[in-house]
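Presented sequentially are two complexes of chain A, the first with chain B as partner and the second with chain C.
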Partner chain A sequence: MTAAWRAATAPRWMIAGEWHAHPVRIATAVIAIAIGVALGFAVHLVNASALDRFARGLATVNGGADLRIETTSRQGIGENLYPRIARLPGIAAASPVVVLHARIGGMPVDLLGLDALRAAQVTPTLLPRPGAGDPMAVFDPQSLFLSHAALAGHRVGERIIVVVDGRAQSFTIAGSLPGAQARALGMIDIAAAQSRFARLGTIDRIDLKLAHGADTGRIRATLNAALPPGAILAGTADDADRTDALSRAYRVNLDMLALVALLTGAFLVYSAQALSVARRGPHFALLRVLGADRRMVTGQVLAEGLVFGVIGAAVGIGLGLGIAMLVLRLVGGDLGSGYFSAGDVPPLVFAPGAAAGFAALGIATALIGSLVPARTAARIAPAVALKNLGDAIDPRRTPAILPAVSLAGVGVAAALMPAVGGIALFGYLSIGLLLAGGVAAMPWLARALLAPLARRHFVSPAIELAVRRLWGAPSQAAVALSGIVASVGLMIAMAVMVASFRGSVDEWLGQILPADLYLTAGGDAPFDPTAQRALAGVAGVRHVVFSVQRPIALAPDRPALALVVRPDAASAYPSLGRRIAAPPGRIGIGVSEPAARLYQLAPGATVALPLGGHRVLAFVTGIFRDYARQAGAIAIDSTTYDQLTGDTHRGDAAIDIRPGADPATVIAAIHRRLPPLIADTIQILPVAALRQRALAIFDRSFAITYGLEAVAILVGLAGVAATASAQTMARTREFGMLRHLGVTRRQIVAMLGIEGALLGLVGGIAGVGLGCGVAQVLIRVINPQSFNWTMDTRTPLGLLAGVVLALIVASAITAMLAGRSAVSVDAVRAVREDW
Partner chain B sequence: MLARLLAMLALLGAAAPPAPFAIARPGAAFAFPRDHGAHPEYRTEWWYVTGWIDGPGGTHRGFQVTFFRTATGLAADDPSAFAPRQILFAHAALSDPAVGHLLHGERIAREALGLARASRADADVAIDDWTLRRLPDGRFVTHVAGDGFALDLAFRPTQPVLAQGDHGYSRKGPDPRDASRYYSVPHLAVSGSVTEQGSVTTVTGNAWLDREWSSTYLMPGAVGWDWTGLNFDDGGALMAFRIRGADGGTLWAGGTWRAPDGASTVLGPHDVAFTARHRWRSAGTGAAYPVDPLLRIRLPGGVRTLPLAPLFPDQELDGRAGGSPVYWEGAVTTPGARGYLELTGYAGPLKL
Partner chain C sequence: MNGNLLALSHVAKSVPGGRLLFGDVSLDLAAGEFVAIMGESGVGKSTLLNLVAGLDAPDRGTVALDGTLLDTLGEDARAALRRRRIGFVFQAFHILPHLTLGQNVGLPLVLLRAPPRAAIARATDLLAAVGLAGREGDYPSQLSGGELQRVAIARAIAHRPALILADEPTGNLDPDTAARVLDLLVAQIRETGAAALLVTHSEVAAAAADRVLRLTADGLVAA
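Coming up: the complex of A and B.
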């Protein structure tokens, strides 16, 4: 026997033999790995594609300037800042920009007011290309240049109505924007933007080109010193930060779920390999007798794991690519989360690095899952193993609980750690440790749960046999249970978390939506005081609360917060925890829970808000729950805001109707009362419909999560089935023995069914218990650390009971199905298999 | 992109209707310092300084600093500070025979918020850091910087203003409306510093300022012009130009000779003749320029022949990369005088 033969042939025939004998079990393990790899890779790809598209879109609008000075609010920056900045040393060129959020025929378009001559030096991609005719068109106040996406079927030369905050102005389409075809972008002359849309004296952005070889750090410092309140400095790095921050937590969450799927895969590999090693004890013993050393046996089992891993990873990468394409097509680039509201489907961006990374993870998972079984196989004493096929643990010894308790203890400690860079790394570590602890506790737990049964004697031999068998072979039971417990635990954890989240969102919607009808202008603010009075005077309207959301930036590297302007802002939303009255003469504001956590604000804190060109010190009176604006929100009183900014436009209205009035009639009356251009862009919804829509958005954003759950259930059940059948097949000799002792086939099948049911029961109870624990980590650690919001725990008892029941039934049935073929073997032959 | 915009601006003259702009008319005297300032009611205007600078060791270089103003005819009533009524652009070039071609630079901006401005009160034009203005003591000062060079120069008038044509009404064609308001300040004493490739030298020299504003500069059929302004060593000054048609023939010509004693002679279309001698062909643009023409002017005392010789042949300003038209603007000498020669419309019809 040559070394080459030993190294290659023996493993090959053993792996091939195993594949022939137990295709389902091995396939399950491979599939689990494939699914983990596929999900992780797909989530990564979809998000990378969406981020790429979103970042490109943002870069398009920003035009690729070296640095930008931006307004922190909708009030803009005084235009006199522009010449001051342009004259600073180190600034090669400065281009002033008015940024308008326009609607053209109902379509939202980013409309930039530019000085084409300045933009030519700083942001040449934003330059217009005039159509045929007058080249002066770039300066003409009547000219509008549209990107291909914004053109939407219109032609150069057409007159077109542009609506900005309810103000409609007519322009001539004078040409295109060749540098921004995919983004809905428009360009008009900066003077037209100012004088035709009531923005005289203000600009929103100054794009900067730095002098060649200038010291960026020093220029940033000079600029920061020169900036008035209401203006911040931003560069492309800040854009990336902001874009990344938008979805990082959501993305990391999904990635972590994918990793958790991989972890389940590891347990399934472990379970499959452990069973296989136990069953093939004689094979390994034979190998040892034939001269193989321990390292070769270890290598043999690890090689099997490697094969599982490679196949799983390869299938997973292909599957992930397919899923990513499908998801991009069906759900959109934001995975249904609504973070990137780009209209069309972003192209898939393939990431070879990520593919390699996830494949390596899958292979590592399979190897880790095989590690313990490999060492077990190597420790098999040839003489004993060749004769005996039993549980290695003495049934009289109580299984140890200490390792499990230690793992769980470290897990709990990890859950108490703070987030790392906005990512709940320790939270995920905690989940992994809790799962490992739960699995490690299985032999002990199985004993503890079966103890009451084991002390009793049953009349039915089937029950008696089943209980004794499980009691006597705790580690085999534990191996079968590990995969079940891991996948059920995760599934339950996700289910409890989503139920808690949805319940909290539902309750929150009830709190913030007390009126009958809700009107929204989709982010615009078309209602000036006159329009507001007109709206309040519509027949059937009892009371209207007008509000508006304006972006307000407190830090350049974070997305802008939403400044919610409404009457009685401080008391309009129920407070989480205490509420302090603002001291006399101070401006009181409410901050949302995410804002409070992102900016470390507590009631009594002071925030400097850039409003109306000043830094206004505001007093935090309370913190309100808000699931809608992840970047944070600040609620400020209308009167205060109007005085500070002079901005009296509003975009949203909560409308109470008179008792007995018909909502549909009132909605129609409001639509009739508004100018047609505004009426076309607003939406009015009854409160029930709005709530429904909000929950529909919630469900859509968790669609991927539900999908993951379903996959976890399927993998878990497949694992149960495969494990049960494998164990059953391995016990053919035992059944033969029982037959010789007078136990009928029917009784053996019944015994197996009861065994399966008991296993399912134990696994279910353990999984549910573990899941509820992991759910608390998700609710109290992962969510607050990732999304900066909290929620109240809600336990979906029906679902929990259903899962346990499904497990019991599934494992009983699979055990019986496998048992029927096992006992059909002739009893005499079955016993003689004992060599 | 900038190129395209500048090219667009170059088309202004041809494209926009003349109706909203003022027409140059005879019979009005200049009023200074007001007329040193901008005349935004006219479509086109320039402040054009050309001259010779003398460095240490007897080196001679030529330079050009030009600010143009163009009215768009747009946004007359727009209250915005960015209202696009006036576009300013500027060219600067340094002619160093040691380099053998022009070092040049350009700026362009709309008049807004003081960053780009052309005062109506006195000479004070600026685009960002490029400036040309008149000081209270009567000197003009400029700062311009291009690729590899910078000029910080002061120009002290040593002679009175020279009103061109009929007391500043300078005809450019047979139609009396094809005309400009035009004066020059010859024999400006130059002082200041020139930076070339990082090395700064203190210089002196003499220069020529041309101030011209018009709404209808080029008559129909004109493709360009030849122009020269010469400072004579004895104190005399000559400006002569001809407007060329597509066939190279002269459509119109004119000029002014001011003798050292201050007596001016206005030159009519038949008093000025440019005759090409050699042509220098630009490898870059393919244009062939008559860089050493024979200039003949008819004075009351007889015809005077002035053979012009360039400081070096390649003084073509190829502004295509920056979007400007291509023209030849070079330092020239003739016995007893030195000055500048401008040749436009040789690389294709010029549209101003």
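Coming up: the complex of A and C.
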């Protein structure tokens, strides 16, 4: 036995004895930590697995080239760039690629046009396996090779129709793509891609293999100098950056939300430990009398917290792994958000680093929750505590408010700090500090809220005793409420934020959807001018506004923005702030709020847009609100865009119908009038249905947050139940004394019920107030810094009132149940108990 | 400084509100000597024991144990001195309810870093000596008041202290039980050769001591 282990014998005995005597109290704190760790770890694992699958999917399409030159828009890049690039020093091989977004039998498929000989040197994983063993099939313009996912029931040798932007072509399935994994991917010869889909003279990508030992930095510089407008250089790291940037804020937000449960756990550990220390005051006093120093007492309470943390973290990691597996199987990798639409269930990717990190967080949380109680235990005056037997309530003492104000002040200051690397770290810190400040203010708040009642005298002894007790011992009330105030505060904050977000989205949808019907081709652009005229001429159609969204990249390490092409683009969307006219001769564009924040754009700024193979300087006329495209959007007028690019295809249409026309009849007429290839790929929805669908997507993406909130509340309520029960049991002698004085058992239970209801009221008021404050951090700091959009505050008053009411009822019932058990103890025995 | 185990010299102490408890207490206690202190309620008998144990500090005067002035020691050093040299018996027993009787009695030993097995073995012997043989695995809730005080006595002598401080050890017991517990306490004090300060209201308890003193506001006087 080591000396340290032997030295810890007394604390070990004390801890083991305490845990043997109060297993439920210990279990509550351990479970709180375990749930926090499990949720955080599970959300992290699910996101990491989905992100891994998404990145692997991208890598599949990109074929593992060392570097790539990519088009920044749908117009592609001139194919004459390819020989110039291939001749540059340091380039071992180059492979030109045409990238088409095709539909095969209604299923979207990434269709690559490749030069098989070049691809064999640069991206061999993209090479097909001919079905009949004829290697020359890869050069046949009729041949199509499909991945397993894209085959979808078709067989090799079958003739099928491939549709790209409304243009249909027939191919023979000539084999498979063994390197495509689960991605829906197709490959045809590059010449066939260009000639059969109107892409003559253009390519979308040049995959590059660098010479062995080549200086990548120098080659990047050479390539960047050689690139024309409309082309950017990208590599594997850029892919990862883009994928990461797209969903990082969402993932961090979920991680943080999951950690809310852990934070609640910290308050529960604090509550459990504080209560335990108060009850065990004489125990610690005895230890001090027997010669234990303050360090030993502090160490004992911290060691208890450490054991809470270690057990909670171990259970939490196992539980988190199980939850992640279950969620991946039941909900999918994107948790309903739509960020990673890979289609199938991603395999679970275990992350030992994250497991260690979350375990450490759990342990740290338990230790932090034990810090203040440990300090309190060490400060107990032995002689006083042994005489008072632990009950040292002094109603004359006014609870301190300065620590709470200080914490809240630092929290507000943190909220004013900028984001760190696109993550609202200080915003989250602010939330933590505000919560801690709110909990620290509880004794003062309880005293202040109960003061009007304490000045009155009540005929009912139950009410009189309950009010006197709570007013006289507000710190005990605060201990009972700390967990629930934190979790209710966070729940209210999330509810206010989500209500504000949903309300703003609803209002925005009303502004941007003024037409009767909306047509979409699901990302394709099958409407050439002839098809547009055909649609406009359908009986019952009064007016049609055609638009199209094209990806446009402004930076290689950021996801492409959406270039929204439509008539009167600059004024079509609700403006945020001032709108200015473009100077004569300049091209005016509107930029969405996320784009403005991501690229630091304001009205009057100039943006270089890669359009039609040129770098076109555009003038920002205004910022518009947009909740649909997190990576940002730029709105450009149709006429300007057509002149610059020659791309007159459109994919979306807002249709106004004639007065009195039946929407369903008009929709049917449109389907009849359009060529079958287009009619099969489009979807037309009345505006109400579209709005409903958008809000349903919104609700689905927040479903996980509701789940996490519910868990946090349950953990908090469990804490209230455990704390109220323990506090009530600790007052057995008080109840015995009251019964000696003639108070009935029923009156004592009623007193406890009133105490519980008052506690619930105080906790509810504090939680709602705190939640409304934290909601402002979410609305004004976290959302703008994480997602680059703003919203207007909306307060769900009904929900707030419901939460307060539920808390009052739950607290009252919990206290009465605990009270029934406490008053069942024999009154005479109760007053004689020393402990 | 003389060769006494304990020396109180002109000690004065007031309560926090300012009321003087006692103004000039001096006492020499030799090793193995048993002194009983009596006095009215509120005169400061328990406070005097706290001063001797280093749990409280006098307003004036000095307290020396083993020749060491307590006010020259830091808090940790005073705790260490209590750990090694002092045993306590309280009126309210103060037996930890979540430890077994063996662990309660062995607690002073493990605080001195004795091996737990040895501590439990000694506790078992002491419990047998106070009439609780074979009860080392029981919990305090299974014992009566008199039995709990016997456990407290066993704990007080477990680490062979030089000084035992007993604060109304029979105050919570009925007369018959009190008599038996007192006999046991005196027997154990005599057997271990420890010095003892017994604070009590009971004339019967005080009669067992070598000297009986009465605490007044002016100091200690012979009873």
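A few comments on the model shown:
Definition applied: the second predicted complex is superposed on the first by the 792 of 835 C-alpha atoms of A that agree within 3 Å, B and C clash if a C-alpha of one lies under 4 Å from a C-alpha of the other, contacts with A are read in each partner's own complex, and residues count from 1 in each chain.
Rule of thumb we're sticking to: contacts are C-beta pairs under 8 Å (C-beta built on N, C-alpha and C of every residue); 3 or more make two chains touch, one makes a residue touch a chain.
Just so it is clear, the model here is predicted, and its values are computed rather than measured.
Of the two partner chains, chain B is the only one touched by A:A86; chain C is not. When the two structures are aligned on the shared chain, A:L200 is found in touch with chain B, with no touch to chain C. When both complexes are overlaid on chain A, the residue A:L290 reaches chain C alone and has no touch with chain B.
When the two structures are aligned on the shared chain, A:V138 is found in touch with chain B, with no touch to chain C. Of the two partner chains, chain C is the only one touched by A:P282; chain B is not. Legend: residue contacts after superposition of the two complexes on their common chain; A:P96 is shown touching chain B, with no touch to chain C. In the superposition on chain A, A:I190 contacts chain B only, with no contact to chain C.
Touch criterion met: A:R118 reaches chain B, while chain C stays clear of it.
By the touch criterion given at the top, residues 79-80, 82-83, 86-87, 96, 115-118, 120-121, 124, 127, 130, 134-136, 138-141, 189-192, 194-195, 200-201 of chain A touch chain B in their complex.
Contacts from chain C toward chain A in the complex involve residues 46-47, 50, 53, 55-56, 75-76, 79-84, 86, 88, 90, 92-94, 96-100, 103, 107-108, 110-116, 119.
For chain A in complex with chain C, the residues that touch the partner chain are 1, 3, 6-7, 9-10, 13-14, 17-18, 20-22, 282-283, 286-295, 382-383, 386-387, 389, 834-835.
Against chain A, in their complex, chain B makes its touches with residues 1-2, 4-5, 7-9, 11-12, 15-16, 72-75, 78-84, 87, 108-110, 112-115, 128.
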